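Heads up, there are several structures right after this.
In what follows, subunit A forms one complex with subunit B and a second complex with subunit C.
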Partner chain A sequence: MPKAEIAKKTLLGVVPVDSPFYRFHPATRLMLLVFLSVTPLFVDLPEINLALIAVALFLLRWGKVQLGQIKRYLPLLFTVALFMFTVAYLAPGDRATLTPFKLLGLTFYLEPIWWAFVSYCRLIAMLFGAILYFSTNRERDLLVALRTIRLPFAASYVLALSLRSAGMFMEDFATIREAQQARGLDLESMSIADKVKLYTMYAVPLFAVALRRADEISNALFARGYTLSARPATGGKRSDYLRKQYRVLARDWIAIAAMGLAFGAVVALRIGWGAFTDDASLLKALFRWVVGA
Partner chain B sequence: MTVRWAVEVEDFSWRYQQAREFALRDVNLKIPEGSFTLVVGPNESGKTTLMLAIKGLIPHSLPGTLRGTVRVFGQPVEHTSAPVLAKRVGYVFGDPEAQFTALTVEEEILFGLENIGVPEEEIGERIRWASELTMVADLLDKPPYDISGGQKQRVAIASVLAMRPDILILDEPTSMIDPLGKDQVVQICAELKATGSMTIIVVEHNVEAFAHLADQVVLVYRGQVVRVAPPREFFEDLEFLAQHDVSPPQVTTLFALLRERGLYNGALPLTDDEGIAAGWQLLAGEGS
Partner chain C sequence: MATAPEPAAVGISVWEIEPGERRKPGIVHVVMMALFIGIGIVVGTLGSLAIPIGFVSLFWPGQAVQALGGIWFGAWGVIAGMFFPFISNALSGSAPIPVSAAYLPANFLQGFLAAAGFRWLKADPRLRTWRDWAVWVVIGVLVANFLGAFWGTYVLTWFGLITEAARPTALFGWFIGNSVPSLIFGSILLKYVSPMILRSKTFVKGWFA
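Right, the complex of A and B next:
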């Protein structure tokens, strides 16, 4: 008798099988990714983008994803922030037209710092949309979704294979690192410079393994009759068994319609009425008040 | 009755690109349809190269210099497309992970079926059949990377079997798995042979496990096929085998030694069961 499955291994983590996300068709979940990732492009107002981040976090919680998994992205969030605000500080633009303010004895300019914050909120909102999707979906879900929206098979398969390769690359990296640690490499006592040197050393075996894997996968694809045209030996249409295991239900149409309407409204309001600019931001007013500019 | 050849290799030579020597030289070999062929030989002798040529990876995917022809059911492999070859010849790689192209076992089995155009209504039944035969039915939703070595090998076999190829090639199928896993692979081969629906070719160092299933044994040595014979005949000449770095089954060696010393004069056993039976005969004074 098949064993009862309790969790699904997704592209970025593990999610219980009873996650409410699995009540929706993979294409609906892909639409959610598109909605959460594209909407911030039309929104400058940081309050809205922060709200989208909150929505993504709520959906992660609702989808029974352990929020502890998010911790691993903190270094990324911090690095992006550091980079954006450093650029805004070091290269603010034409200083004569900007509003200066003093903080910790340093001179900053309000406009570039504020714009860095606006852009950061937008970027992080998009990133959380992606984290939500890849934490709750498997490669199979992505394949089904792409086939449902009628993306050519070759394109969808190459995309799925690329995602899988990224996971394999990380696994190979971990294996090489464990092998080095097993032979006495003490990462904790190393200086940052030594660690950087070590990471460059990883490149050689990783590159060799990646080449070997590419070769193996290419042979495996040939062995199983894969061709780029994806036309089967019979010459007819390619079977699509995987896609037919899923049905688009009424709740999927409702969710897609709701997201489509919300997205359409954002685009119309932005383009037609100039809404969602940062002029109306309360955070901006607060920021000005705090820095006294 | 006319024999129909599943594989015909004629004056075949192959040199990999940038290699100095030919990996195979003037190979001639015929494999009858529905037979079980065991291919043996030392490492680097050219066994896998020969299998890659039958599968069509040579010359379609691997660059090199080719002479002669390989035909599968009369069709030259060189002029046959990947999907047609995939339908006719199934290939299970020695390293099962090397052939995985999907993130769940079910998709792994499904992939080839969609490629060769199996109708959707038939796919579910084929997945069930192949997964039950190879004992992986309870693993369908698991990633093929997160299962044991024996399970990986069975998934690799299932994904090829589901395509129901006319010829099934297993390249060192037990080299990376535990003893229990080996027994299961041998059991699958035995069941497949019993159905008689496929031509099976197994490349294996562990002759012990497969010798009794084979209709013919092929010895590849230094890029050439040096002997093709039914297993009993093949394992008779132990000196010849030793000269070509092939270890016969231990039970065969034991009874060959007994025969050499005049203690046994029957046919050499290939399996433990045959050895036990021969041993009883010896004890009863019938075998000497």
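Right, the complex of A and C next:
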């Protein structure tokens, strides 16, 4: 009797199999990625982008993703903020046309600092959309989603094989490193230059493995009658076993329609009525008041 | 793995179609493209996480992977080089998907220029003469990275990551941050891996086969 599945290994971690995300079709989850990644492009209002970040964090928690899995992004969030605000401070642009304010004895300019904040909120909102997707989906889910939206077989196969091979190369990389350590390689005592050289030399066996694998995989595909067009050599259509394991249910259609309507409304309001610009931001008014500009 | 003998050591260009040789695109090229995207994802993700400065990295050997892909696998490698940053940037958190989409022309140039340079100027990917080195360093590394950085820093400005005034400095930082690892990483791989690739049936002499 097969062992019951208790968790799914996603691209960025491990998620319990009873996560509510898995009640939805993989195509719905892909649509969520598109929605969360593209919507912030039409929104300057930081309040809305901060709300989208909160929604992504809520969905991560709701989806039973251990938030510890996304801790690796904390240094990045910090360095991005540091980088953007430092650039806005050091190279604000034409100072004569900007509004100066003093803080901690330093002169800042309101417009570039505020725009750095607006852009930061937007970029982090888009980034959390991707983190949410890769934390809750496997390569298989992406493959099913792409086949459901009728992406050509060759394209969906290449994408799925790419993601799978990235994992295989990471394992090969670890195997090569362990083999070297077993033969007495002492990484601790190496200089940075030697480590860079060693890192580069790892690529040589990796490419050798890749070439052998390309041969094996293409031979296996050929033996199974695959062609670039995905049509069997005898003609007709090849049945798609994987896609048939998943069904698009009513809740999927409702979720996709809701996201489509919300996205359409945001685009229409932005383009047609100039909504969601930062002029309407309460945070901007608060920021101006705090710095006295 | 190795099916064909290595092309003649001196005299005959590795790009010349030999008498009786027939080349056409096959499944092996598509599979190699997918595996190359996989290698790019690993190298790109590790590079992006190495020395991150905001959404850019001061050490990104991914450009070497893009250039080598174009040189060895022609259009298949160029396509791989265009698309692996989408995934490696998303996994490392170094760029959201719309930003990666805006980088596409830069990623195309970073793979295409090396591929075109080696093919048009008949340079040997094994870097056997000073001329091969010149094509690699000037076109594959310096010109490709300059154009990539030129476009990439515009993208950073469009998305509000840097101010317009900071663009020249960012361009310089990006150019150095991509060129140095590309030069080291790419040169070693061209020298040591090219002989292996040239003997395999995945090597592309034209653009697709």
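Definition applied: the second predicted complex is superposed on the first by the 218 of 293 C-alpha atoms of A that agree within 3 Å, B and C clash if a C-alpha of one lies under 4 Å from a C-alpha of the other, contacts with A are read in each partner's own complex, and residues count from 1 in each chain.
Definition applied: contacts are C-beta pairs under 8 Å (C-beta built on N, C-alpha and C of every residue); 3 or more make two chains touch, one makes a residue touch a chain.
From a predicted model like this one, the values you see are computed outputs, not experimental measurements.
Legend: residue contacts after superposition of the two complexes on their common chain; A:139 is shown touching subunit B, with no touch to subunit C.
By the touch criterion defined above, A:26 lies against neither subunit B nor subunit C after alignment on the C-alpha atoms of chain A. Set against each other, subunit B and subunit C differ in how many residues of subunit A they touch, and the higher count belongs to C.
In the superposed model, A:240 makes contact with subunit B only, not with subunit C.
Shared-chain residue A:226: touches subunit B and subunit C both. In the superposition on chain A, contact of A:196 is made with subunit C only, not with subunit B. By the touch criterion stated above, A:76 is placed in contact with subunit C alone, subunit B being left untouched. When both complexes are overlaid on chain A, the residue A:87 reaches subunit C alone and has no touch with subunit B. In the superposition on chain A, A:164 contacts both subunit B and subunit C.
By the touch criterion defined above, A:9 lies against subunit B but remains apart from subunit C after alignment on the C-alpha atoms of chain A. Taken together, the two complexes place residues 161, 164, 217-218, 221-222, 226-227 of subunit A in contact with subunit B and also with subunit C. Only residues 55-57, 60-61, 81-87, 90-91, 93, 95, 98-104, 107, 110-120, 123-124, 137-138, 140-141, 143, 145-146, 159-160, 163 of subunit B touch subunit A when the two sit together in their complex. Contact residues on subunit A toward subunit C in their complex (touch as defined above): 11-12, 33, 37-38, 41, 72-73, 75-76, 79-80, 82-84, 87-88, 90-94, 112, 115-116, 118-119, 122-123, 126-127, 129-131, 134, 154, 157-159, 161-166, 168-170, 173, 196-197, 200-201, 203-204, 206-208, 210-215, 217-218, 221-222, 226-228.
In the complex of the two chains, the subunit A residues touching subunit B come out as 1-3, 5, 8-9, 138-140, 143, 161, 164, 171, 216-227, 230-236, 238-242, 244. On subunit C, the positions that touch subunit A within their shared complex are 1, 25-28, 30-39, 41-43, 52-55, 61, 83-84, 87, 90-94, 96-99, 159-166, 169-170, 184-185, 188-189, 192-193, 196-197, 200-202.
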